[in-house]
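Once you've had a glance at the structure underneath, I'll fire off some questions.
Labels run A, B, C and D following the written order; every chain starts at residue 1.
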């Protein structure tokens, strides 16, 4: 059974190599899809294993898939599939030399994220997270324009520095474990209650690690790379980064939290994450009010959602099932939105909101899914984000974070209003007089992934079994008994 | 005697009496005014003659006017007749299932107000609309005074049934001159002046279109349409004066049914209404019509009185 | 989307454990009425499930049906959906129990839909409006209004509205609530391609809806935190008057008040209701707004009864201000749908006034008056649903026939559209609270409860009540007076006199199905007004612990309030009027035979022979005196442009007068805040000015702060 | 014998680490900075070797070799890969003037002493006493990142930051597990390579490597 653990790592790499070998063939554009399918399938297999109470490990305990890891792996696979499938380029454009490299990097990226969630060692996970930066650096800069180069530079510098801070934190945590009898970086061992870790070291290490991973998960004030990178990367890459890379970093934060909570209690990280979450919401709200670029708009929306998730993490076990469901819902919807935004960008040729007008009349084939996904991302039911937000807010009050949650609601309202305004500007209304047009019903790309993503997020919250159980098990992994 | 039957008899008597009395009251008011102003006057029966004349004419209706021009006057008439049925004018024995609830009475009166306003609009002229608009504005602003004075009057009796209020006053006359009652009555009187388009809110004798309220709405009506409008308005005035007089001087009203009592009741209410009419007429001599946009001030004043009456009745009593 | 895996809630299924945490779920469920019922009564559950199923079917038909069949199919399915809701609501109102469990992946209290009597009442009201609207829309929708999107959104909207009152826990409440909001938002967008104003209306609507939603969410969260559960049964455990209860009360009041169009959260109303297609406005104003009222009742009657007196006073204050402000704006408006929209604010204000009065009076143990006020508020809610949906449908018929909703360009429609005119007229009477319509009964009962509320057995109840009650009466009176003017204006200008534009002159009566919906609506208005007794008695069961002492039915359909000794029998009033009318009518018939009327071009015409329709009074001029009287509140802006004849300055060629009354809450409260936000939004861009050094500094500062904090 | 020298050796190594860091802030010439970076890498390698010998762990000696080859030789070589002449001419015009920068360096060093003393309690061990140097290097590296305009100078800052972490790791816990050490080194190497490629592209696209020019993406 434990060989499944290797599929999401080896599979994508194999496909990447295959793609490079098939360079120039039309087949190589399917490398990303194949890689994400591999991840998704193994994720689902591991989920079923976790549900039956079996926790496979491999590589001398380096890889381990408990319920949380399996869940995250599934999310990676699902979002990857939606992004890559939805972003499938036409067969002709994939014959260029770049295409194979691009697909290979995507596969590498997926493998790195899979490793990050499967690793049972903080160190290995750190390396995997850093590897995502390396894999995506050229993806962000894929277009080779001045802007994409700028975005890539900022992304790599800010991302690496952030992750370096995380490494500093991990070093301190390791130092704490060196102080005990068993120097280790294993989650499993570190999150045991009787280790006697040094509280001061764990505080400092935890804080630094969280701060570092907050960079990758796009929490303010470490978020600065995110709008630039998301707006310049090719749409599927943006979708992947926004949909899962941020969440994988959040997963790291969750794991760190499960260590620190045991040693120093939840208060310290709770304060830190609440501040970070609120700041993220504030930043998103502030910069969405007069946003001009729809891909940046989506990027700030990711910051917002990560902020709310961070508040959920701060709240602790009561909100964790909601946060986990949130990760899934946000990932799929945001990937969908980025995929559609990529198509809009391609067809309209401008990323500017004010230049894209009356989309619903001119291009209903793009505008309708765009609007549905927008409704989902701002938290309308039946999409699962609604339940996650309600769950987090409700839980927030019950653990005494009413003030934080209240402030978050105010900011969410501003964000909602700004978001609605921008969306309406893009989609609603009629084209200015004199421009002839015929309604374009084409979706400009595969429709199925979009429909699948929307349908899945619309129904998943109502699937009490086995999703509910899985979420509870994943929460239990993090020390929550809820 | 059976309450229901006696109430039906009293109501019928009231209707017949007031249909007879209302034109007479108008005639008296106009004649008194004419006499005081030194004119000969048309005599107190002139309104009767007017009505007879109007009923015998072919009504002229405007092209494009709707059924409202026909139905509106009837509605006004019916609402005024209903007032005569429901108010305790001759006797205080109400119908069992429709006690003379003041809120109901006010609403019934409003049916007439609305009907008149719609008739004014239906003519399709500037003046009709103008009259209608002003009439409704005044009616809207009068409403609080009206209901609050009703409220104030209802407090001593513990009910808004006007028969019960009058009976309470009959039993304990000291209520009548209590400050609360006086305040409420003054407020109610102002409200009634406004509702019935008397001075100082409206000048019933005017023929200058720009200042008219009531008359402007009836400009397009003729023949029997006009007759119903006129009689309906007179009836309303008479009935409301009857109400005020019974609130101030409740004696003579029938509380236990008997033939003699009924006769006394009929005579006393006729006298009371006619006396009040004379007083009204004399009073109006000394009043000038206020500007339309000062009417709200007047109504605000009356509202304040009514409000004081209510709160005083809670805080004093 | 409505095809969520819902399952009938049977006792056995609870035991079998559909939920992740079976024990907790079953335990909580057992505490609720549904669980406690001895026999599983699944009729209600089946009704709810059928609603979901029909909703899903309607969505599918909206997606799949051919454009020519879409309105017909959608309309029929929506009507069926609403009829199911009506039946379910009626069942629940009469005391049937049963419910539906919505499975959920998150560990929460179970999501159960199981309407109680009050919920049943509101489901009934909402579905009743739904039937009217569905029938009407079957033939009224054309073009964009009949688009695929619109017909997908319609059932979603209806299902959402019909399920909110069924919720027995805060999460399913919020779920249905948001589905309702989503459906209505999409419907609002129907005409976006033809009018630019739709876009801004939709932004306002979404933002204000979200504001309401967040208030409610926060309110429920506060209560849930204080009580430890999200089901209404556990929320009831919160002590009223404790600070979480106070906070939650304020939040929930704001949230539900926003949906119920109360001041100052009403700003979306004058934008949204006019811009939405008329059948949607009817559904919003007739039904959706009632959900706000339901929320208010849920808080005040079910979750947090017996609150401190200031709760009642706060509700009365909000309600009173809304009533006055709403009707004032309505009375000066010349746009028919804006007028109706503001009038909704007024009516809801009165409903909340009644609700607040009832809370206040209950606090002073004036139970009879409190019950009467509450029943009055409910009656007003029901009657508002009837007359306001009819009015909006009537306005839709006018737009259908003329394409105009500006009263200043209408007129003379009475002769051209008799059925619409009659229905609109009856509904207007209802809105103006004239006997014998539904509005009258409700207002009468409200006034009765207020004047009897100041005293209890002859003793003054409290200073607060003795100030609040007269003020409330005054507010109701002024509101009623202005409503009278408003609806005389609306009806008189639109339907009477001569047409003020060519479009109005060419108007034709609307199709049969629309007439049917209008006639049904008018019939409801009359029926509610003629038979208040049985209805009030039924309604009293939903809110009063001792309904028979509060309200009784007397005579043929009369209502009596035994606790405060007031009786009203509208049928007797009709009989009496008929009796006194007989002589009048007889004399008319006699006179008409002898003296038939003549129709002339202009009998008098103000003395002029060339009086043209343009010279008629318009809606704007009709309201002019009122604008002057309430100058200080309305703050109208006037613009007079005089064009002189070229030859002489003393001769005037044309005068153009423009008067605009804007919403002071929008211009004085919302605009400044929004402008500030916009300015902030521009300034704050400097945070992300593109400099990597600045971005690194953010991280560096964060790192330094964290280092300093951990070493403290 | 070795035990007697041990504290001095540790002191020497960490001292030179701090010294090179401060000098890098001071000097504006790119070439000088690269040389100092190489020196720093060698000092780090020496430090690891010393600790390894003291603890008697041959593994650490191996790591020391790795560090020497990557940080002491490899990375500086990559950075200086461009023709020497061109590199020589590149002069930083930092965003922070040298006095302020050096002042900041002292402040950051003090801060890291405070932080480390609170977190670790310093203890009696020689390495513990030297630990603040690692943190100081991290912070100084960060300072370089913020204050330097050129792409390569930023890279140097990043590398110094990384050296700081490594220093801290070795001083506090004798280094992280060897596998992680490899991974970290590989990651750093790759990041530097990527940035190097980007810097190259930047030169072709922007005609220079001034990071300041990257201002097109903003709100």
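The rule we apply is simple: contacts are C-beta pairs under 8 Å (C-beta built on N, C-alpha and C of every residue); 3 or more make two chains touch, one makes a residue touch a chain.
Just so it is clear, the model here is predicted, and its values are computed rather than measured.
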item	value
Comparison of A-D and A-C by number of C-beta pairs in contact, larger one	A-C
Chain centre separation (subunit B, subunit D; CA means) in Å	100
Gap in Å, rounded to a whole number, between the CA centres of subunit D and subunit A	31
Whole-Å gap between the CA centroids of subunit A and subunit C	41
Inter-centroid spacing, subunit D versus subunit C (mean Cα positions, whole Å)	68
Touching two or more other chains - residues of subunit C	685, 687-688, 690, 692, 696, 699, 703, 707, 710-711
Where subunit A touches two or more other chains, by residue	150, 153-154, 157, 161, 200, 203-204, 227-228, 287, 290
Pairs of chains satisfying the touch condition	A-C, A-D, B-C, C-D
Interface residues, subunit A side, partner subunit C - complex	150, 153-154, 157-158, 161-162, 165, 200, 203-204, 207-208, 211, 215, 220-222, 224-225, 227-228, 272, 283, 286-290, 321-322, 325, 358, 360-361, 368, 375, 378-382, 384, 386-388, 390-391, 393-394, 396-398, 400, 402, 405-406, 409, 412-414, 416-418, 420-421, 424-425, 428-430, 458-465, 467-469, 471-472, 482
Partner subunit C, residues of subunit D touching it in the complex	95, 111-112, 114-115, 117-119, 135, 139, 142-143, 145-147, 154, 211-212, 214-219
List of subunit C residues in touch with subunit D within their complex	685, 687-693, 696-697, 699-700, 703-704, 707-708, 710-712
Touch list for subunit C against partner subunit B, complex	331, 411-412, 414-415, 429, 432-435, 440, 444, 447-448, 451-452, 454-455, 458, 460, 463, 466-467, 470, 473-474, 476-478, 480-482, 484-485, 488-489, 491-493, 495-498, 554-555, 558, 565-569, 572-573, 576-577, 580-581, 584-585, 587-588, 591-592, 594-607, 611, 613, 615-618, 621-626, 628-629
Contact footprint of subunit A on subunit D as seen in their complex	115, 118-121, 135, 138, 142, 145, 151, 154, 158, 161-162, 165, 168-169, 172-174, 176-177, 179-180, 183-184, 187, 190-191, 194-195, 198, 201-202, 205-206, 211, 214-217, 219
